[in-house]
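After the structure tokens below, expect a handful of questions from me.
The letters A, B, C, D and E name the chains in turn, as written, and every chain counts its residues from 1.
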Amino acid sequence: MAAADAFTSAPDSFSWFDIVDPDGAELDRLRVAFSMHPVTVEDTMHRRQRPKVELFDEYAYVVLRPLTLTTEPEVALQEHEVHVLAGREFIVTLRWTPEFPMQGVQARWNRHPDMRQAGYAIYVLLDEVVDDYLTAVEALEDEADDLEDLVFERDGEGDADTLQQRLFRLKRDTVVLRRSAMPLRQGIDLIQEDAAITTPAMAPYFRDVMDHVIRVVELADNVRDLLTSLLEVRVAQAANRLNEAMKSMTAWAGIVLVPTLIAGIYGMNFDHMPELSWQLGYPSALGLMAGSAVGLYVYFKRRGWL
Amino acid sequence: MAAADAFTSAPDSFSWFDIVDPDGAELDRLRVAFSMHPVTVEDTMHRRQRPKVELFDEYAYVVLRPLTLTTEPEVALQEHEVHVLAGREFIVTLRWTPEFPMQGVQARWNRHPDMRQAGYAIYVLLDEVVDDYLTAVEALEDEADDLEDLVFERDGEGDADTLQQRLFRLKRDTVVLRRSAMPLRQGIDLIQEDAAITTPAMAPYFRDVMDHVIRVVELADNVRDLLTSLLEVRVAQAANRLNEAMKSMTAWAGIVLVPTLIAGIYGMNFDHMPELSWQLGYPSALGLMAGSAVGLYVYFKRRGWL
Amino acid sequence: MAAADAFTSAPDSFSWFDIVDPDGAELDRLRVAFSMHPVTVEDTMHRRQRPKVELFDEYAYVVLRPLTLTTEPEVALQEHEVHVLAGREFIVTLRWTPEFPMQGVQARWNRHPDMRQAGYAIYVLLDEVVDDYLTAVEALEDEADDLEDLVFERDGEGDADTLQQRLFRLKRDTVVLRRSAMPLRQGIDLIQEDAAITTPAMAPYFRDVMDHVIRVVELADNVRDLLTSLLEVRVAQAANRLNEAMKSMTAWAGIVLVPTLIAGIYGMNFDHMPELSWQLGYPSALGLMAGSAVGLYVYFKRRGWL
Amino acid sequence: MAAADAFTSAPDSFSWFDIVDPDGAELDRLRVAFSMHPVTVEDTMHRRQRPKVELFDEYAYVVLRPLTLTTEPEVALQEHEVHVLAGREFIVTLRWTPEFPMQGVQARWNRHPDMRQAGYAIYVLLDEVVDDYLTAVEALEDEADDLEDLVFERDGEGDADTLQQRLFRLKRDTVVLRRSAMPLRQGIDLIQEDAAITTPAMAPYFRDVMDHVIRVVELADNVRDLLTSLLEVRVAQAANRLNEAMKSMTAWAGIVLVPTLIAGIYGMNFDHMPELSWQLGYPSALGLMAGSAVGLYVYFKRRGWL
Amino acid sequence: MAAADAFTSAPDSFSWFDIVDPDGAELDRLRVAFSMHPVTVEDTMHRRQRPKVELFDEYAYVVLRPLTLTTEPEVALQEHEVHVLAGREFIVTLRWTPEFPMQGVQARWNRHPDMRQAGYAIYVLLDEVVDDYLTAVEALEDEADDLEDLVFERDGEGDADTLQQRLFRLKRDTVVLRRSAMPLRQGIDLIQEDAAITTPAMAPYFRDVMDHVIRVVELADNVRDLLTSLLEVRVAQAANRLNEAMKSMTAWAGIVLVPTLIAGIYGMNFDHMPELSWQLGYPSALGLMAGSAVGLYVYFKRRGWL
């Protein structure tokens, strides 16, 4: 397992083991080496765990669900899963494909050799994960602003269904983000209770991460409320536009049907219809038709139906 | 009652009695044998109890409402009901038709003869029930994903009412699932307070089940929120489609009514209508009609009304 | 007041006084006999009190708002009001027209002469009231199931407003039920604190009633959520049906207007219209009209607009 | 300031000062006489304070926002504001125009000279204010019942916008009422902690007022839920009615356009149209038109489109 | 840094440093001078922090998000950010462009030289910030009242989309305001726990600010609920108006199409149509058309369709 240890570069009393996509044999060795409780063993074998912190006698078990932004093929959230076993003299991180990138964590860990203890390791990891949440929630805010502009754009009717779908997808992403971040509030409280892995001096650090978690959750709630309002606005807008379409249809129907009625009148076969024998009867009738059409057009235009 | 005891295969100081569809006589014998409290007796005689844990001096009384997935005639949730009486030296499980399958529970129980105590029995049972909840909630998530695809499918208008009904049914299933799982949170806390049936060593196990219960509830909340959003999207979509239908109707009405007006004009009976005597009057009129229809078609096509 | 005492049939150290529609004089005698606090006196003189439990030095004051099902002229909830004064050696129940039927309570009370104490009396009363709530909530569930079937019935458009009204009335009944049952949770907790009227041996009984209260509230919440979803579904359905009506109208308009256009064409008065002098001109024109109508009908039928 | 003292009619150790629309000078004298804290002084100088109770060393400061019903020009809620300074030997009430009427309070205060202490004074004032809330919430319930009848009235379409507006105004009044009453729950708890102004014997009185506050809030919540449901019903109803209007329009269009088509057919100019020379051709054609119109009318009537 | 100190004009044991848009060097000097914790240093370097109070051994760190009203180009909320470091003998305020104006704070600070301590400084700052919130929330209430009038205005259909947008923007501003004020509730509680920066004598002041914060939050909730109701009303109104437009269209179609049918009838070519040879046939037909049109107009007018 020494090969898996990507972080601890010097002989040290505290070791960090990082394993990507552990197989059964590796998990088995871990189980024996760190006397893992059966329920922890069970949890490490299944994906899609809830973010949580569980304190055992020998170690703390932390499950994180980091989110990163991918840009290919379009901007989207990428879900990761990281499990952490933290004891007095070691920390083990388990990652699965798509693996959460830990370069930032490693760099900060190596920069402070004086703080090599599980509490600090967990803090650094949490801080990076929560910073990624903040990046993600800001991307969601940007998308929400774009959608808001589209909703209120005058000729924004172009592709109503696509807009609806983007609103929906964004709302779902917001829920994923919230669900990943929210349980950390309770988790961070729990970590600080474990004297074996953290010290009072770490308290301001964890309080700071906690504050960022709350900010992530609040911003996500914001985005969600905004999207809910936008969806409501969409419904009201659609009803307005239907109204306008209905009026415009009524107006155009009148403009075509009134001349049709006039034509119908002069198509009647009465023996005594003086206009029919007038020299200017036909142009007058055409003029009447045109006049009624123009008159209706002007009338409806003024009432704002066209 | 020995016949009903499906589990305890060896003479043992701890016994598990499992009874399916107990009749009055059996309940009566149970009542005497385990000195059941009158309210417990009352509860065992009625179906559709709430999931709960009640601690009595001599025993703990647990009501579970397991859910399993059936696939015949279609994928649906099957509700079960299991009552548990757990004392220091015995556990009784009462099941009713459709009976909750306990093979998995039995296998795990027999695999660990060293852990034969009521706390472990309840844990195994809870764990199996909650695992079934997880299976169920994942099936609900799959159905929700299918429905989402259907909602955003371009020509997904085919059977709007059926889609609505599936959305509604899924929402109802989600509520059933949530209501079955939710009360276990409080119940699991209560079980751990009863020193007679559980030991501190069981704590991590119960904490693990608790965590799974919370996950079930969170995932169910997720599905529900998603369905609520989908229903909102449906309303907005229906309004959009109505708009489109209205525009398309306006366009087609114009395409038919304008040539009708032209025909009406040349159907007028004026004595002096020079076009009528033209050699090419008729084809010209037909050409004018066709031209106006094509012109309107192109115009409306460009505006996106067709 | 002895005449009002419907329950205590034997000379006993504990007495139950039951008074229906007490007048001022009776309330006055009660006030003196049981040294009622001014605020209790005040409360007994006004109807539509909130369900509650108030502990005084000499007695506990309980207000209940039972609900029973009436079937005349239609199934509906009947609201009742019962006030209870419970002391160490007496219990007084005040009822008002429409009076809550207490035969069940009386029968259970007489069946257990060994348990004659205020705590048991309150338990029996609560249990009967809460059982009636369960009966009521099950009736509401049945009504909700009926409405669900009506909503998803294919030709269920028959009387949309009546359906809406039943949905609304049911929702209101659910709220009434919830409001009647909910305050009992706090009340039952309070009763158990009063050592003067109850004993620890009563605890499982009250816990059982509490469990039923919670079940009533949860089932009522269920019905309410279901109704909210049904109302949302109704809106989406109405929009769908409007869409369908619009399409069907467009289709029929086309089927009538295209032949009208053809008739208009052959009604033109051009001198040179070869078809007019054809021997089969007229039947051909009729055929063309019929053909276009049938063609459009088939076209729209295939697109699902008819 | 003796002139302002409207209540204390006899030389007494406890004094009640009541001032309407106090000016700067009066507030200044109060400040000195009762050693008011700067923040209390500040608060008494601004209107639209939140209802609250604040305990200071020398006095308790209570802000109330009573509501009364006015009937001119229409039934509406009238908001008032009353500030109370209550010490061991005095109580000061400040009122502003439109002043909250205190005759009821004064009468009750004078009726119980034995209970002259700040706790009782505050209780009487609270009780009157909360009774006015109950009167107000019952008026809102009546208005809600009226609106419900209007919503479900068959021909209730008369003035849809006015109905909408009444629903909206009522909802807003309900919110005002709730906001005025809600903070009193916390406030009443606080008053009882202050041994200087109240005694344990007052506890049942305050508990009774508290119970009424909760009832006001619950009834207001009820009205609000009912109004929300009514607004939802309105949307569904409007969609239904649109559907009906659409169907009725389709039916009438058919009834007019089919005879128009028949007239168009017999207006064609074919040389060989045998019907044209029939003696009864014209009446037959009229009969055909009438027959088709009647046939369509009967057909649509049966389908419920008319 | 002395230059940055805008407030402390006399040599004093307590100093207030105010820095606008601090650069890296200034933050560095601060860090050393006041032994700031690394997480505080980190926080001061990033904008858009959550409002919060964090207590450290040497100082309290307060983040505020003041809001002011701007009137150019239109009335809008301007967001600011202020960080405060408060110790036993100093207070540092950091502000960023657009800088929150502190003249009011400075004036009050200078007016009470006897109260120069961090607790009072924070109180004055909080009080000014919360007063600005109150001003802002009142401006939002005014805008909401305007929008309400527009919604219920008879001919208020003029610019539906703009109205929608104003409703949406106002709702968003309300959320911003609520999010800025809400965290202060917890923050003010925290400040009072820090004996190093505040004294019990400050308690009434902080309680007063707390009360104003709650009022801001309640008023903002009010505005939000009102806006939600207005959006619902808009949807119902749009549906009503669509209904009216549909009816008016049906009516006008009838008024034009019935005369068209009459003209069609007298355009038929039957040999035997007695009316055709009547002397008054043509004027009679015109009269019939006019009569039917007027009759329909009157009919629809009476039914309220026009």
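In this section, contacts are C-beta pairs under 8 Å (C-beta built on N, C-alpha and C of every residue); 3 or more make two chains touch, one makes a residue touch a chain.
Everything numeric in this text was worked out from a predicted model, so none of it was measured.
Q: Give the chains in contact with both subunit C and subunit D, ordered by label.
A: The shared contacts of subunit C and subunit D amount to nothing, since no chain touches both.
Q: Enumerate, in label order, the chains that touch subunit A and subunit E alike.
A: In this structure, no chain contacts subunit E and also subunit A.
Q: Subunit B and subunit A are one sequence twice: same or different residues at the contact, by the over-half rule?
A: different
Q: Roughly how many whole angstrom separate the Cα centroids of subunit A and subunit C?
A: Going by mean C-alpha positions, subunit A sits 38 Å from subunit C.
Q: Would you mind pulling out the distance in Å between where the CA atoms of subunit D average out and where those of subunit E do?
A: Each chain reduced to its C-alpha mean, subunit D and subunit E end up 24 Å apart.
Q: Two or more other chains touching the same residue: where does that happen in subunit C?
A: Residue numbers touching two or more other chains: 232, 235, 239, 242, 246, 249, 253, 257, 260, 264, 267-269, 273.
Q: Is the chain-to-chain touch network here best called a line, a ring, a star, complete, or other?
A: Its topology is that of a ring.
Q: How would you write out the ring of chains in order, opening with subunit B and then subunit C?
A: B, C, D, E, A
Q: Could you please specify the touching residues of subunit E with respect to subunit D in the complex?
A: These residues of subunit E touch subunit D: 148, 152, 154, 204-205, 207-208, 211, 214-215, 218, 222, 225-226, 229-230, 232-233, 235-237, 239-240, 242-243, 246-247, 249-250, 253-254, 257-258, 260-261, 264-265, 267-273, 304.
Q: List the residues on subunit C that touch subunit D in their complex, please.
A: Touch list, subunit C to subunit D: 37, 39, 42-43, 49-50, 52, 54, 56, 157-158, 160-161, 164-165, 167-168, 171-172, 175, 179, 231-232, 234-235, 238-239, 241-242, 245-246, 248-249, 252-253, 256-257, 259-260, 263-264, 266-269, 273, 275-279, 281-282, 285-286, 289.
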